[in-house]
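You will see chain A twice below: alongside chain B first, and alongside chain C after that.
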Partner chain A sequence: MQDFGAAFGLAFHLLAGMDAELVEIVGLSLRVTFAAVFVSCAIGLPLGALLAVSRFPGRQVLVVLFNTLMGLPPVVVGLLVYMMLSNAGPLGVLRLLYTPSAMIIAQAILVTPIIIALSRQVIEDLNNEYSEQFRSLVVPFPRAIAALLWDARFTLVTVALAGFGRAVAEVGAVIIVGGNINHVTRVMTTAIALETSKGDLALALALGLVLLIIALGVNIAAQLLKSTARRRAYA
Partner chain B sequence: MLEASALRAANHRVEEAPAPLPAAERNPLVVRGLVFETPRQRIIDGVDLELPDNRLTVLMGPNGAGKSVLLRLLHGLLTPSAGTILWNGKPPDGRTRRSQAMVFQAPVLLRRSVLSNLRFALGLRGLGCSRREMLSLLGMLGLEPLADRPARLLSGGEQQRLCLARALALRPEVLLLDEPCANLDPASVLMIEEALMKARAAGTKIILVTHDLFQARRVAERIVFLHRGRIAEISPAESFFDTAGSPEARSYMEGRILV
Partner chain C sequence: MFKKLTTAFATLALAWSLQAGEPSSAADRFIIVQSTTSTQNSGLFDVLLPKFTEETGIEVRVIAVGTGQAIKNATNGDGDVLFVHAKPSEEKFVADGWGVKRFDVMYNDFVIVGPKADPAGIKGSSDADAALKKIAEAKAPFASRGDDSGTHKKELSLWKAAGVDVKAASGDWYRETGSGMGATLNAAAGMGAYALTDRATWISFKNKGDLAIVTEGDDQLFNQYGVILVNPEKHAAVKAEEGQLFIDWLIGPEGQKAIADYRIEGQQLFFPNAHKETN
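This part shows the complex of A and B:
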């Protein structure tokens, strides 16, 4: 219990002193996560909207598939990306293994199905409300998609935040494809795993606290957005 | 319909360029043997209807008579199970709908400001409209002070008036309204009816669904009475309210429940 208290004390000391190593790890984590979420949203939001509005054979199969992929095991994704990017793999020539780019790819693969599945649900609900009016107004398909995405923007930001939450806390995939190399691919979650195994609980706890603060910040942002949207009657 | 065609043919012979049709002849509607059914129920059951002129037509009938479904069929939002609908001799499609506008019973508005809702609809038709023109249109329906408010914050009556303003902004040749005044206060009803009268005077063909007898008396020039998916009666409004010809319409006006 005493060790636990001491570790907390050290953690706060590291945080308050803006320890250089800690700042570097947190910075890389945020960079990788933001990039992965950005890529996932760029792919996932239009796909989710298309899936919500279009009717074609096999659509229901795709809906079930993306819902299932929301629970993709990170280590499996890590392994697949590792095999793709390793020297013997089809994308080995890109030499991305053990780089932040590989971590971004792995996280994007994990987050994109979440963005597609959740945005599909959000847009489909909105489309149920708008579709008859859009048909009456003869709204062209691309314009309808754009209008739905724009009108659902507040809810879609919370979808992106859900993806962010998943990515920032992820460890299995990034440790496989990033390798947890100091000053290169070490992020918060992989550092926590390493420091814990080494017995350096102070740094692990400090990183854990930062992760918790980020998660808290994400949830506060989501709540603020929801209440703002409701206040402005856009929800 | 045939007379109009003959008149048009005669005009072609006399003049080099075809003269535009007078407002009263535009958008004749002909419906033949119209049926709409679901696996469980036949909702529209063999409707024949001709609305050759632009007299304001009110579709009346008890709940479940098929009024709203008929309106959606006429607008091309539903596909008939059998029969034909011809606007100007053509079945309803995207092109027809571009010359029409429909106001639904439940207002459907984008999650944007009042003005942005108008701007969105106008943009679809490539219609330019300055802020002042839009404000003037909103003013006609008592919405000018609310122009920059989020549309979904408006009251039910205001939302419905905005839907009508959006429809009118498109300058439709045909305006279809599905119980636009249901559950509205008298002031909103009055503003909507005044706007409809102005549109009617400007030559817009209006088909209004209502089961409000008082409203029908105020605005209708022709009544189409529906019962169980069939047309029980088509009459000029004056004669309908004086001496309705069909037993269904008489029962309805006497307040007896129709089943």
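This part shows the complex of A and C:
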């Protein structure tokens, strides 16, 4: 298979040449995924923390439910969001189908359970250390949650990165709700799917390498941020 | 200082990404065309659409899926124009009231491709019935779309005409990939199977591997493309005016010429035939 060699060369050329179309596609990929991860964290982190520290009947059921939802099939999420946003669907009037917003919604649905489930575990472990102190100092509930989230922030960055990885690599949902429209909703993964269907395997693989490199960049940035912040926090 | 920088950076990144939700560019005049993979993968739209947009200022956003899914999406009102290739289904779409009127746009033909070793011995044949019968007799692997697309519908009608019951052979030599034309050709190349494909996808397809055309030229392999405006009476959101402009342009002299002029490696992929038989 000479495609492998060609793919590496092509990936290098694509990156070095800063091809305008590629920049546009990469930009949209990152924007959609960042937005989805942000929305997911805004919803998922407080919920995860709440689930970690509160005790109520049915809590275990919720924990298992969110753990299960981490495995939501993207195609099913895409289909559900399509049916909601379709002109024939209940939210059709919003005219969101085949826009980046629709892709953000679909990815947020995929990522939120991951954020909830993982942050719940992280906060629960931390709470085991803190709970006695909270009780003896009679810390109000909301402040306890805020303190736990703040103290777990470095671990929670990794949680967010897990969500980022899931969203940025996902194709099944965004291709249904985004439609892979050139210059409008084409992202890295849908472009890879398109090139594969054209039989241009080398270009498809090259785009895959570029996607991997971008993800590497995001992870390096997060790691740098984390270690610098940690040094400052404990210095 | 570090904290401020981080916060500023994070805020900027956030603002930038959340803007992704906003419809980009100034193109508020756009239509959505539900179409098929062959028109997109062949590169036809890449030359056709910019010409139309330049003339009218209307952006055309293409959703390229199988004909079955395209019709379903259009029925849901998720598109202004339907541009596909399965005449009976298109006529039903109009008859059921989902579309306004169907126009012929262009045609090409289907071909049967297969491995060079040709286990069914059909190379050079121009009789689709006989070729399919031989494939069935030899139990040679055949990769089917199996996805209710225009090509799949055509393929099923060909098997029916040849008197072969492919359902019985499903999973055996008859393999339904359940995916697009490109993915099916990739699979056929991978397992040395025969497959039915439209000529445009075939010519522009880059992973032909060991595959070559084995059967072509049968009248039954005719492949007609049609265009339909989605009925605004069914879905108020349909941009009837802009959609009709696109259809008029497509079947008018400029669109027809652009279609005729499109070539890959000197080969013409689509042959315009609007107005010859509008119904």
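The working rule: the second predicted complex is superposed on the first by the 208 of 235 C-alpha atoms of A that agree within 3 Å, B and C clash if a C-alpha of one lies under 4 Å from a C-alpha of the other, contacts with A are read in each partner's own complex, and residues count from 1 in each chain.
Here, contacts are C-beta pairs under 8 Å (C-beta built on N, C-alpha and C of every residue); 3 or more make two chains touch, one makes a residue touch a chain.
None of these values were measured; they are calculated from a predicted model.
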Superposition on chain A - do chain B and chain C clash or fit: fit
Residue contacts on chain A - larger count, chain B or chain C: C
Partner chain in contact with A:V184 - chain B first, chain C second, else both or neither: second
First, second, both or neither for A:S197, with chain B first and chain C second: second
Touching partner for A:E129 - first (chain B), second (chain C), both, neither: first
First (chain B), second (chain C), both or neither touched by A:F34: second
Contacts of A:V138 with chain B and chain C, given as first, second, both or neither: first
Partner chain in contact with A:P46 - chain B first, chain C second, else both or neither: neither
Distance in angstrom between the closest Cα atoms of chain C and chain B, superposition on A: 16
Residues of chain A contacting chain B in one complex and chain C in the other: 232
Complex contact set, residues of chain B against chain A: 75, 77, 94, 97-98, 100-102, 104, 108, 110-112, 120-121, 124, 150-153, 170
Touch list for chain A against partner chain B, complex: 129-130, 132-133, 135-140, 143, 147, 151-152, 232-234
Residues on chain C engaged by chain A in the complex (per definition of touch): 2, 6, 13-14, 16-25, 32, 37, 40-41, 61-64, 73, 75-78, 180-183, 185-186, 204-208, 235, 237
Residues of chain A touching chain C in the complex: 28, 30-35, 38, 86-89, 92, 95, 97-101, 104, 179-184, 194, 196-201, 225, 228-229, 232
